[in-house]
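Shared between the two complexes below is chain A, which has chain B as its partner in the first and chain C in the second.
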Partner chain A sequence: MQLSSLLLAGQGKSLTSLFSLLYLILFLPACIIGYTVIPKNWKKYFLLLASYGFFWLISGELLIYLILTTFSVHYFGIWLDRINGQMKEALAALPKEERKGAKAGFVKKQRLVVALAVVLHIGLLLVLKYSPFFTTNVNLLLNKMGLSINIEIPKYLMPIGISFFTLQAVSYIVDVYRGVTKADDNLFRLALFMSFFPQIIEGPICRYNQTAEQLWNVKPIEYKNLTFGIQRILYGMLKKIVIADRLNLFVSNIFDKNVDYEGGIIAIGAICYTVQLYMDFSGSMDAVVGTAEIFGVVMPENFQRPFFSKTISEFWKRWHITLGAWFKDYIFYPVTSAKKMKKLTSGARKKLGNHYGPLIAGSIALFCVWFCNGLWHGSAWSFIFFGMYHFVLILIGNMLEPPVQTMNKKLHINPKWFVYRLLQILRTCVLVVIGELFFRARGLKAGMNLFTKMVSDFSFTTLNDDLLKTLSADKYDFIIVGVTLLIILTVSILNEKGICIRGSLAKRNIVLRWCLLYALLLYIIIFGAYGLGYKPVDPMYAQF
Partner chain B sequence: MPVTIKHAARALIFVGGLVLLLFLLSKVFIPAEGTIDDGVHTLHSNGIYGEADNSIDLVFLGDSVVYSSISPLQIWDKYGIPTYCCSTSAQKLWYSEDMLKKAFKKQSPKVVMMETNSLFTKFNFDDSILHKAETVLPVLQYHDRWKVFAENTFDGREEVISTNEYKGYKLSYLINPSENLKYMEQKLAIESIPSRNKSYFKQIRSYCEDRGAKLILFTCPSTKNWNKARHDAVAKLSEELGLDYIDLNMMPKDLMIDWSKDTRDRGDHLNHFGAIKTTEYLGQYISKLGIFTDRRNEENYQSWNTAAEKFIKKTTKAMKKIQQ
Partner chain C sequence: MERLIEILEDIQPDVDYANCTDLIDGHYLSSLAIISLIAELEEEYDITIPAVEIVPDNFNSAERIMKMIERLQEEY
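After this line comes the complex of A and B, so read on.
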């Protein structure tokens, strides 16, 4: 009775994450069993049904947004394809000299279709996600101007994952226009690409060419994929349940309570939040990639050990990789390759040289990328500041590159020297933590206050067991977080060196493999932050 | 290599091994009954396990509004009825059921009074499945005791819980007024009680019936948590199930709650001033049920007399000081 009420309630929120028990002990096993027993030709439809079922459980009737988006991009794609076909037919019938002019007309038509699709989908996202922020600021402005007009702040129900599947929809349309991919005439294939259940909450943001065919050309579940997938999910659980969720109360107490902590405590809070966010998001990604792996689907990786980065620029190539790649392909390149920008670059190159010349147009594009990146994360000034903070850091990094190289040469510093690289990594980590402090703070003003306090009053005089108790933590929490981080660091170093741990383990005998798996499971069960005394934490990136 | 029956059998053996390991670990992690660890998360409500066997005649169940609104020692002082507040913050119904079962292990209350706010506290599938798993494999509930082991190194030095000095009541003199005075006048559509909650509630009702305890529904005053829509839903449910129901929000003239003074957090919970009024009303109500006898002169209850005397003395003095 409970199960049927759960499935039919339609209230959404029955399922909150890939680490929920409902997912791990009911939904996923049911999918694996169903997928295995169903005839091959029906497997893809089964996956589609499971994906819509999953979305229903997390967002209820808001599933309609996903369905409408899928229909919309499907028909926009077909429309673009039809114009393309008409263009080919028309050009073939025309003499060579008239083709250029005729082509321009068709391209213009296609651009209008793309613009319409982008405005429609991004517009919907803007209305749902940003209109409260926009209205609040308009009201503030009107009040400052002395006008007593108060526009009602709209409230919309937003489906989980809309920021992710909207970007996926836009990339499909633009890729069809660019000829990177062909428009899909199969609505079900496109629907499965848009909705594949592991990725719908937090991404990764896939391109049509990356996953659509893999999902459609389904294979039976392989033993190796099943075991590797489960191991990857367990690794994600270790990150999320043992570290991220354990740090949650401590971080919330520092950032959400109006208590005047000394700078050192705020710094610990900022470090802990950075760790929490990384473990939460990358742990969820492990669950996504692991689940997809079970079904034989290779998903793009979203993280590549970002805290080994030597610069902020490198950090963002290793953190939330698919979002960065999306901004690069659909914002950065279109801006830099615009005619005016190209002209600007060639002019600047002559005056400023090969490094600084292209930097001007690149910086304008970079500004657009980071403005959108900040805004994508949330509708608040603190997120815009977060974007601008990284824009400035990357810009400074780009500008200082030649003088630093010269200085290194003069001082005979080898950039490959271990200590030098370690210092670069530490510097990057410090800058990232500062950025995350603003990201987590309750508003820009609060972020500024915390940062000022952290810098001006950096001490640990109040740090003791009693303070930790008021922050819902104790020394044992930090010990277990530290030990688990060491385990993850070891795995990360081995991965960075290209060593596949799961592959090596698979070659060992069953006793050792089972002992290690039992050890990992018991570690998560005993040291995990769940049950009474802990608050379940929804995936942090799902809210963006 | 595709998954074969051999692989499936191997997976089953693996899961079986894991369950066995968890079962064995449960033996290590489960605390002795009546120890601080046993009630580590909710010491005040778990104080009932420290009470003498079969000494409690009435149990109040519910969330924080219960331990903020009802003072068992005040009821004792006036009517000689031993009651206890088994209430915890944001208590969900599966937890209420659990608390009730634990309370019935050592007590035989004649009446169970259940506060209705919990009927609307949603909980998801994970909550209930974890709770069910915890009953089979207690290590899932007590896994956090590794911290205790780190301190005590398995030497069994565990302090036996004593009863809570206020019998589950949480005393607060804070005043933070509520301005939402017309909270019961809003015309709202009847709020539905989540189906999962209804199912748990029916289990609680059956449990009480099987043990011969009368189940009564009641609602504590709260301008933040309650409204007419909820009242109508509970009134309908109580009628369907033939249960008594008293909503203290519907009787402002009898209760005389002053929302400018009687709440500690803008109408969410009552403070001690409000609790005195609620307790007085409820005390009268339960004494008129004709079920209870006055136990103030019974030898086994002398500790209650001492506790009540101390409590009344302390609170009267503090209140006088505040009112000055």
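After this line comes the complex of A and C, so read on.
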């Protein structure tokens, strides 16, 4: 393929991933070289230009959405700041006893501005992402009611990453309103925060206070940052190219073909999809964090070894951490902090005690979080079900906590015992895999069918080489995936114990370090799933 | 401070509130306990604790909680 055709705006199909050849051998090295040779004062503008260039290459004219969002949040931020300035001036001129009332008027004004901004940005996301789903369901309802009205299903082109940068935009506005951050009067700084190229496809969802200043106060590229960044990118490639992409065809064949597989095969498919999703998303995050590290920027981590979690609640504190934190800060606590909720908590605690009392308000907030979480992932009933599934699991976990503690005490079970913790981890993994089965299935009905088949016909009688062949896999695929997973498991166990492998390696002999780096690269080149027989797989979370 | 420790002990007993400095980071106070605590503090001290104040730094020790209460009482 001609390079020129690869670089056509919005047609750069080879540039939809941080692991694409075009990105790794051309775009990223060009950015690093350009960034290094450009004078210090211009580096930040270079990063901004590179970020907009990257977005244009993957989304073409849809870049306009990002530009308009940036202009909009910039304006809303300044508007809120102005009201804040007026409030301070007015209150300073008033006696203390009159201030409370006067402040309420200004706060009301600010709330209206925030509401307008949120409606505008979330509204745009809702229209682009959910109107086909909404229209389809309205049509179904009308048909069921016997009305022969058929509303045309709208189709919109959605820019990549809109679900991520919209949440970043909303968090900036709310943080300015809350006084967590000052409104940025520098449009370019805000634009760089909104568009930094490694994170634009799949996040992490950053807060203004976390990355804006770091990106603006750029540093020259240092040897340590460069090597650490490259190591992290390679580790991400190991997860994405060797494991996730290798499992792709196998998983697609199980979930996308209308073949009646036996339960055991469906269970293997669900486990493989869970592994694929984790390796794809966390591998991409390694590439994002590693790329940012090269430029001296510390990104928030999005994963913390989620499959070591003992409960579903803990799992979601370790998986897609920045999304969970966003929901906690902008939905969970605002809902539980509402006046009526506080009243409910106070009253219920007196009647139901310390655990079940606050659980009512907490569960209402949790419902809102998981409904939004499900919807955020996609506009289909299966995603809403996915959200509700986790809501119910967490709710059951919360409700059973006191009786389980009592039972453990009575039976003299120490929850810190290794076997007990291992069983808890296994239980969490099983529940996660079931959730992912519904998440991956082509619709809620298909998910139900697969789940029913999985539990009612759990056997492996048809599992043989011929079946694997029809599923575009062989035993060598599973050996490669298994060995690579063992490597990642070892690294994860060491990390879980607080051992920083990169830090320890950095103290070793330079020859050993480079040998290991080349060995990792060679391993990816030899065992990676690319080229003939493989289809390049777009980042899985980019579609959300 | 004594009243605050009483409230804390009522919500989550068996914690050394006078000396503990990692109530949140050390998982002594769960999110449910925080929901209760906020409701109780608002009632007791006639303050409003907005969502933005619900960060570990403000709840990691009785002293930090007291400081937050005093700051919110001072705010006009």
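Couple of notes before you dig in:
The definition used in the following text is that the second predicted complex is superposed on the first by the 530 of 544 C-alpha atoms of A that agree within 3 Å, B and C clash if a C-alpha of one lies under 4 Å from a C-alpha of the other, contacts with A are read in each partner's own complex, and residues count from 1 in each chain.
In this text, contacts are C-beta pairs under 8 Å (C-beta built on N, C-alpha and C of every residue); 3 or more make two chains touch, one makes a residue touch a chain.
Everything numeric in this text was worked out from a predicted model, so none of it was measured.
When both complexes are superposed on chain A, chain B and chain C end up sitting side by side without clashing. When both complexes are overlaid on chain A, the residue A:81 reaches neither chain B nor chain C.
In the superposed model, A:314 makes contact with neither chain B nor chain C. In the superposition on chain A, A:476 makes contact with chain B only, while chain C stays out of contact range. Judged by the touch definition given at the top, the superposed model places A:357 against chain C, while chain B stays out of reach. Of the two partner chains placed by the overlay, only chain B lies in contact with A:226; chain C stays clear of it. Set side by side, chain B and chain C differ in how many residues of chain A they touch, and the one touching more is B. Once the two complexes are laid over each other on the shared chain, residue contacts for A:527 go to chain B alone; chain C is not touched.
After overlaying the two complexes on the shared chain, residue contacts for A:96 are found with chain C alone; chain B is out of touch. No C-alpha atom of chain B lies closer than 34 Å to any C-alpha atom of chain C in the overlay. For chain A in complex with chain C, the touching residues are 91, 96, 99-100, 103, 178-180, 329, 333-334, 336-337, 342-343, 345-346, 349, 354-355, 357-359, 361-362, 398.
Across the interface of their complex, chain A is touched by residues 1-4, 7, 14, 17-18, 21-22, 25, 40-41, 124-126, 128-130, 134, 139-141, 143-144, 146-147, 150, 194-196, 199 of chain B.
Considering their complex, residues 10-12, 31-33, 35-36, 38-40, 42-43, 49-52, 54, 76 of chain C touch chain A. Here chain A touches chain B in the complex through residues 1-2, 5-6, 9, 13-16, 20-22, 25-26, 36, 220-224, 226, 474, 476, 514, 517-518, 521-522, 525-528, 530-533, 536, going by the rule given at the top.
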